[in-house]
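Per-chain residue numbering starts at 1, and chain names A, B, C, D and E are given in the order in which the chains are listed.
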Amino acid sequence: MDLIIEPGLTHFLAVSAILFSLGLMTVLSRRNVIMVLMGIELILNAANINFIAFSRFTELSLEGQMIGLFVVIIAAAEAAVALAIALNIYNRFKTINVDQISQLKG
Amino acid sequence: MIEHILQSISQFYPEITLVMALCVIVTTDFFLNRKDHTAGWILFGGVVFSGLFVLMQLGWEQSIFSDTIAVDPFAVFFKVVLIIVSLFIVLFSMQSGEIEAYRSRIGEYYMLLTGMILGMFLMVSATNLLLMYLAFEMTSISSYILSGFTKESRRSAEASMKFIVFGGVSSGVLLYGISLLCGITGATDIYGVNAALATGIGQPLVLSVAILMIIAGLGFKIAVVPFHFWAPDVYEGAPYTISAFLAIASKIAAFAMLIRFFTVSFIDIDSIGITGIWSVLEGVNWNLILAVTAALAMIVGNLTALRQDNIKRMLAYSSIAHAGYILMGLVVLSEEGLTAIMIYVMIYLFMNLGAFYVAMLFSDKLGSESIEDFKGLGYRAPLESVSMTIFLVALTGLPPTGGFIAKLYIFGTAISAGWIWLVLIAGVTTVISLFYYIRVVKNLFLVQPKGPVDPLVYTMSSKVILIMLLIPVLVLGVYFTPVLEFARYSMKIFGM
Amino acid sequence: MELTTILFYLFSVATIGAALVMVFSKNIVHSAFALMFTLIGVAALYVLLYADFIAATQLLVYVGGILILILFGVMLTSQKSDTLNFETVMVNVLPASILSVGAVLVLLAVFFSTDWAGSWTTEHSDTVTGLGNMLMGDYILPFIIAGVLLLIAIIGAILMSTRISANTQESN
Amino acid sequence: MELQTFIPLALLILLLPLAGFVTLIFAGKKLPRKGDWLATAVISMSFLLSLTLLIVKLGWYPDESITGSFNWLVLGDAMFGSTLAIELGILIDNLTVVMITVVTLVSTLVHFFSIGYMEGDVRYTRYFAYLGLFSFSMLGIVLTHNLLMMYIFWELVGICSYLLIGHWYEKKSASNAANKAFIVNRVGDAGMFIGIMILFTNFSTFTFETIFESISAGILPFGSTGWLTAAGILIFCGAVGKSAQFPLQIWLPDAMEGPTPISALIHAATMVAAGVFLVARIFPILTADALMVIAYIGAITALIAATVAITQYDFKKVLAYSTISQLGYMILGLGVGAYAAGFMHLVTHAAFKAGLFLAAGSVIYAMHHALHKREDHHTDAQDIRNMGGLKSKMPVTYWTFVIFTLAISGIPLTSGFLSKDEILAGTLAYSSLNGHYLLPLIGFIAAGLTAFYMFRLLILAFHGNHANTSRLADLRESPKVMTIPLMVLAGLSFFIFYSFNPFGAASGWFFAAIERPMSLVPELMQPTGAVLFHETVQGVHGIAMFISILVAGAGILGAFLVYSWKKISADQLASYMSVLYRGAVDKWYFDAIYNRVFVDGTIRLARILRWFDERVIDGLVNGTAVVARKLSQGGRWFDTYIVDGLINGIAEITDRAGNMLGKLQTGKVQTYLVYIVFSFIVLFVLYLQI
Amino acid sequence: MEFQLFGIGILSWIVFIPIVGMLIVLLLPDKKHDAMRWTAVVVTGIQVLLAAVLFRGFDRSMLGINEAESFQFIEKFNWITVESVPWVGKIEITYFLGIDGLSVIMVILTALISLIGVISSWNITKMVKGYFALYLLLVTGMMGVFVSLDFFLFFIFWEVMLLPMYFLIGIWGGPRRQYAAIKFFLYTFVGGVLMMLVMLALYFSVAYTDPATGNSIHTFNLLHMMNPENFVAGSLLAGIDTTWRYVAWLALFINFAIKIPIFPFHTWLPDAHVEAPTPISVILAGVLLKLGAYGLLRISFPIFPDATVYFAYMMAVLGMISIIYGAFCAMAQDDFKKLIAYSSVSHMGIVVLGIAALNTQGMVGGVFQMFNHGIITAVLFLVVGVIYDRTKKRGLYDFGGIANVMPRYMGVAVIGMFAALGLPGLNGFVSELFSFLGAFESYRWLTIISVSGIILTAAYILWTIQRVFLGEAPPQFESLPDLSLREKFSFIPLIILIILLGIYPAPAVELMNTSLSQLVELVTIGIN
């Protein structure tokens, strides 16, 4: 009983799993580029939770946190670029609805 | 620690050179005029220099920066390949009309190109999961921008948007997979991973999830089915130079990363004997998955290419198909297969670069990328058309071009390893590929030009570049011992 | 039933709840703020995992940086003629929901089915020092590379966001 | 003269005409008189040579037979055991010498005749050149000592006859006739070829000698007498084609499209007789069954042709049918075992039938010129209804013609009587021995008919007085160069040249020289032995002679009743037995049936197969069926998709698949992601399986 | 090695001199058409001379086929060798040229036909440079296939022919040239892929032990592949009468059957022939079709004797079908060229029937038929070309009475056609005779049926002669010029050969006799 209540590795992993799938949901379903972006951030965070959790509970000690740190940085960079691109898209198409931007196909 | 780092730095010159080149470009970009391709030449020089350093590293086999980077023949081979491609791409960029139109931003263009090259260098040599991911991201981010470099064009913008959405998700998935892998094995470098798995902490289920996620992440870069959807759109939207770079360099780099990652982490070290045939670790037979994706890639790539009218798109699909062929070499799990891959890569880069280049030249002059508009170009631009024919024939895999040798080796290894069904698919799809390649040739030569018939004039330099691409394609068709030797020599991956 | 446990459940529920809001809210601005709460929740979870430094970074970078960026993005890209319009619609909901539910089920199943290697619980007394040492030691290369990466990203962002035009207008 | 010198001599005889041919083809036009003299000289020379050969051979070496041969090809390698040597060579025995004499003689006469007849022809030189080629090939058939050469020259005479029948190829009818002749012959030759293959496969040689030896040693083809009989009959097929035997007799009448001298030489005297010669050659290996088949075919042919001949009005056609019928006689003779008689009939027939044709030629020549003078171009110069009363106009021709007619009708004192009578005796003997009473019956009926139609021809053409006198006002006798050959042949139509006893050839030199070779086939399959047969013939000879004279007389009488004294009206007669009459007039519908069944059938089949090829096969392999259907959907599509390379069996599939996969590429990035996640899960499931 | 010029073996010369010519042509200025033509003439002429040298110097008594030492004019040096690769031993690709009785006659044929082709392509005016460049490349490919004894080399030359042919048909061809060209390309390419797979399978199944070092070497050397001991135990194609060996044989057979072509793979031929320009049709019929049969004899038969014996009957049946079927289709054509194309199908059927007999007569007959058909069909296509040049018509019903208009032309045409119909005294007869004789020994009834093909042949040939040459000439054709000097030059050598070999075939037959006996021995060793 205690084991189930007392938060262990699996609990955190479960949280990350849920966040991951929610991020996936966002990416798949929201048509707004920026929403999609948020979804991606969510996925990255889920991954990060994993790292941190592992660094807490397994022999992947501090390195987990290390990776987490870098991931945050990368996420920031990617977000910046992505938003720039979103702006560019908006200037070209006057919309940032992903499903309306489909000239290239076939 | 310090001396280790210093000592490591001494073996890190190629990458350092690139970084320095980047800095030089950034600084000079402020005061140099952007009319000529100064930045381009700087980058060219930088690549050449780092190439020299790479050649110095021939035969080294060690791991530096506390097991985050490996300097081994394998890396050297792929770095050489990347350098060749990069040099050509820089030259292309100087010829390209699309890039010329954005001369005011030419500096940024080359900066990002440098970043991309650096990222690929790291991809081929990284042995640490974190660094791998970093390299991956570095390549991706710069290519996101570059594919949207010609901002005015909506297609270009759309390409970059799709690219980043797709790439973002893929990198997220990749990261998640990496996190799981680290979690199970408790290691961040692939040697540790292998060691941990070798001790038999069998976590098949979670391990397979992790592996699949990593395959998905890298599959995106390689553009292998079913992770290929972005490729045609992005290639079509992006400028020719970048399409070519993505289709060749980043694909190859991703392959190198895939190979290093999978072989080092998931191969049973004990099985590496004189036989040269490996066996996968217990419970993780990832090569079957790769086989399936390879088969899919060949089929989908070739079939879809049939109906394309845009030359870039056609080449995109063809490159997807080629990714399938290359994967065959990894599937067979043998040094032989690896050699085959290397040979394939070495030849593939020349013929594909050539095809893209000629297509670029044509499109710049015609203002169209439609194959239908290439009618009768054989009479208006004979040299270019003949070279195009040769490149396409090479891609089809007919002797006496290098393409034949490449296919021969890949098929050969697959047959010798007994993957008959895969080879049969490959054979059939090869036949199918003939259709769309030959269709271009037909339009070039067999159809009378409609509209103007004045000859297209190209600069001498462009012709020279063409010849430089043409020669290896033809020579490697009849005499490929050097490549073979180089490949066999470069097959030593650190840690195996 | 100790404090950490309660906090864990609290934060995780909060995080997930916020995430749900973010995913399903019609208004993009709401989503953005929901994302903020999610991120804060995640940071809190980090704290529960003794990763205080990471938690701080998370707050700084995400909440302080990325989120602001996102909001700017929202503002800049949401103009309909003269007014602002934050309404966003969802597409292919059914496959998306099926797949993500499938994903979460798969992941949960996997996680619960595996017995994780010896779950030891050491107290990382001072993660900051450790991280600092590592950054200057084993992880110096990634550190540098990350710097270059940021440089590239900045250049790219600038290139993309500034209004420039080609010398020659090419047809779309 | 030494025996060995025969071979070079024979070679000379053989090659002289060839030399003539080559010179004429290349240099003929430049020679004076377009080189006709050369051809004639050459052939006359080889005639003289063969005559000497004949005399020497029969006079001094009546029983030897000599062969000279060389290796033409050697197949296989000694180190693998069997090597296979293909020999070519010459065989000289009595049969040969007699035959070459006949051939060269007739050929020479025809050469002379042609000089007059073909005068001023467009392709005068080529005509003589071909004559030379023909003589060469014909001599080749006669002189060869193996089946291969036999077949080679067999085909060559075929081609010569093709060329000469089609000499006036501007006429559609001529070229048709030529094609018909060659193709029909090909049918026979195919059979002959198979027969040869059977023998070769078993004895791995072509030479008669070796084949005969191995068969007499009891080795059978594929170890069965059935195959031996088959081989015999198949080889005989060649004869059926060449000698226009039933059922392949149809080509000979059409062959009359050629110049008349050609009909005389090729289609009466020599080439058509080659079949008979062939049978004589392979006689030793013919089994009783084969011989019976041969006999019946001969008999049927003789009867059919004779009946048809009665109803014809074209001068040459009548003669053509009579030729067929006479050839039937010879074959019948050989079939029943009257070897010498059959062969003798060949010789005698050569003389008088050649004569008949040349006479006909002279008549037609005269008619032609007469009509030409009158500017009359629509009257047919060959139709006997336009003739009549030529007797007075061209006496030489008439009298020679009479002699020939008597000879062919088998009236005593003529050569024809001798040979035909022997054959009939043979049939009687055969029937009395093996009890095939049909054969003699047919023989006698045919004999009667022969007499009847020949005299019909004589009367209608020469007696009475012509339909309108004015038309033939300027009819003249032909020049000497044409009449002299006639006289020579007429001379040769008397018994004296063949046997001093006008009522029995058996005692003559001919029978002495040409005696039936003994059969080499196994006992059971052997025909009646020569000795026994000969005795029987002696027995029935008197009866045979009596009956034959009787029927001949009857025939002649009938002819006079009907056509000369008009006691019986021909039309009445025709209407009484209208069925038979119609049948005869329409050549018993052979041509009609063949055209309907074989020619049309083949062509239709060919058309079908062509369609099949272009639609179905091409369709199966190329999916052009798909192409065809897509074609209707607009040319451009066709151009860009089919022509540009989608033309293969999987055209449709690939195309469909390509489109389908292309549809996946919607351009909506989220859709892509959906696909990916989906396929990811699929892969995962798959992964759990493996 | 006695025949060398400047240290380079005669075979290399004969193979690569066209490449030299091609380079010269490419370097010539675009306008210098005659120079290009003469270059081509000279180059191919030299080939003919070299071929003559081969003919003179060829030792008729040496076996060849599977014994390296009894090949002649051998040139062999390692082309690509990779020392001691751990997993496959030593990789070896050799540049291995040599001829035996089977190939020498084909080399001679190729040289001759190439020269004739050049002469007859004098009136090509469109893109002359490209034309002759491609033409010479094609010639190299053909020559190379016939002289190479290394499978890798063989395959390269084989595929090298593909593209020039595609262009030669596709650019200089008739109205539907694109269709024809792609069809040709497609068919041959499919075959090529199959062959490549088999080649690889063989490569990995065959390893000979180096006498010197004693380590096993994987090789593409055909002669090593013919030696059963060289098959690595347990490899894909090892053993006798295994399924994989049958599969491999069939794959090869399909490839060669497409080239020959055998029913039902023949449908590319009519299109290609009809659309191709005259000289290319000549090459196509004269040499390319022979490649298929040659490949069967050089590769399939000796390497897979067991499978060959197993499938021989099927081959014979297909041969028979091709004979009859081709003849029927030819009969129904009204296009002169198409008719000849189908007649080729029929005649190549005889080849297949002959070689399927697996005895010396059949084999000799078949190969000799290859040679003769090459010459005869060349003549026939030239005949069509001549009339087409003059009238721009090919329909059989468009003509008539040509005999009176162009007597010399009529002469050569008729000789060619009679040779095609197998008239004794002309070369066609001899080869058909022996093919049938050989076949009859092995397949009695099939042959009896096939023989009926000669009747059909006679029929359609004679009808053709009648329609084209006999009768009255239509007014618009009454003043056609007779053969020009150039045309005479292209005809005469062929006509001479036709008659010469018809009367005395021994010179040709002696060339191949020994080798073919050896081949028969090799294949049938399993039977008896």
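Operating definition for what follows: a contact is a pair of C-beta atoms (placed from the backbone, for glycine too) under 8 Å apart; a residue touches a chain by one contact, two chains touch by 3 or more.
These numbers come from a predicted model, not from an experiment.
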Practice problem: Moving only from a chain to one it touches, give the least number of moves from chain C to chain E. | Solution: 2
Practice problem: Using the touch definition from the top, list the chains contacting both chain A and chain B. | Solution: C, D
Practice problem: Average the C-alpha coordinates of each chain, average all protein C-alpha coordinates together, and give the chain whose average is closest to the overall one. | Solution: E
Exercise. Tell me, please, which two chains come out on top when C-beta pairs in contact are counted per chain pair.
Key: A-C
Quiz item: Using C-alpha centroids, which chain lies at the maximum separation from chain D?
Solution: C
Quiz prompt | Interchain centroid distance [CA atoms averaged], chain C/chain D, Å | solution = 102
Quiz prompt | Chain centre separation in whole Å, for chain D relative to chain B (CA means) | solution = 78
Quiz prompt | Whole-Å gap between the CA centroids of chain A and chain C | solution = 5
Quiz prompt | Whole-Å gap separating chain A and chain E, where each centre is the average of the chain's CA atoms | solution = 66
Quiz prompt | Multi-chain contact residues (two or more partners), chain A | solution = 20, 23-24, 27-29, 31, 33, 36-37, 39, 48, 53, 58-59, 63, 66, 70, 74, 77-78, 81, 85-86, 88, 91, 98-99, 102-106
Quiz item: Which residues belonging to chain C are in contact with no fewer than two other chains?
Solution: 91-92, 95-96, 99, 103, 106-107, 111, 116-117, 139, 142, 146, 149, 153, 156, 158-160
Quiz item: Could you say which residues in chain E touch two or more other chains, in rising order?
Solution: 178, 182, 186, 190
Self-check item: Every chain pair in contact, whichever chains are involved
Solution: A-B, A-C, A-D, B-C, B-D, B-E, C-D, D-E
Quiz item: Residues of chain B touching chain E in their complex?
Solution: 274-277, 334-336, 389, 393, 398-400, 404, 407-408, 411-412, 415-416, 418, 423-424, 427, 430-431, 434-435, 438, 442, 445-447, 477-481, 484-485, 488
Practice problem: Sort out for me which residues of chain D touch chain E in the complex. | Solution: 72-77, 79-80, 84, 148, 151-153, 155-156, 159, 162, 166, 169-170, 172, 175-176, 178-179, 182-183, 186-187, 190, 193-194, 197-198, 200-201, 602-603, 605-607, 609-610, 613, 617-618, 620-622, 643-645, 647-648
Exercise. Provide the residue numbers of chain D that touch chain A in the complex, in ascending order.
Key: 662, 665-671, 673-674, 677
Quiz item: Which of the residues in chain A end up touching chain D in this complex?
Solution: 24, 27-29, 31, 36, 98-99, 102-106
Quiz prompt | Partner chain B, residues of chain E touching it in the complex | solution = 79-82, 85-88, 91, 155-156, 159-160, 162-163, 166-167, 170-171, 177-178, 181-182, 185-186, 189-190, 192-194, 196-197, 200-201, 203-204, 236
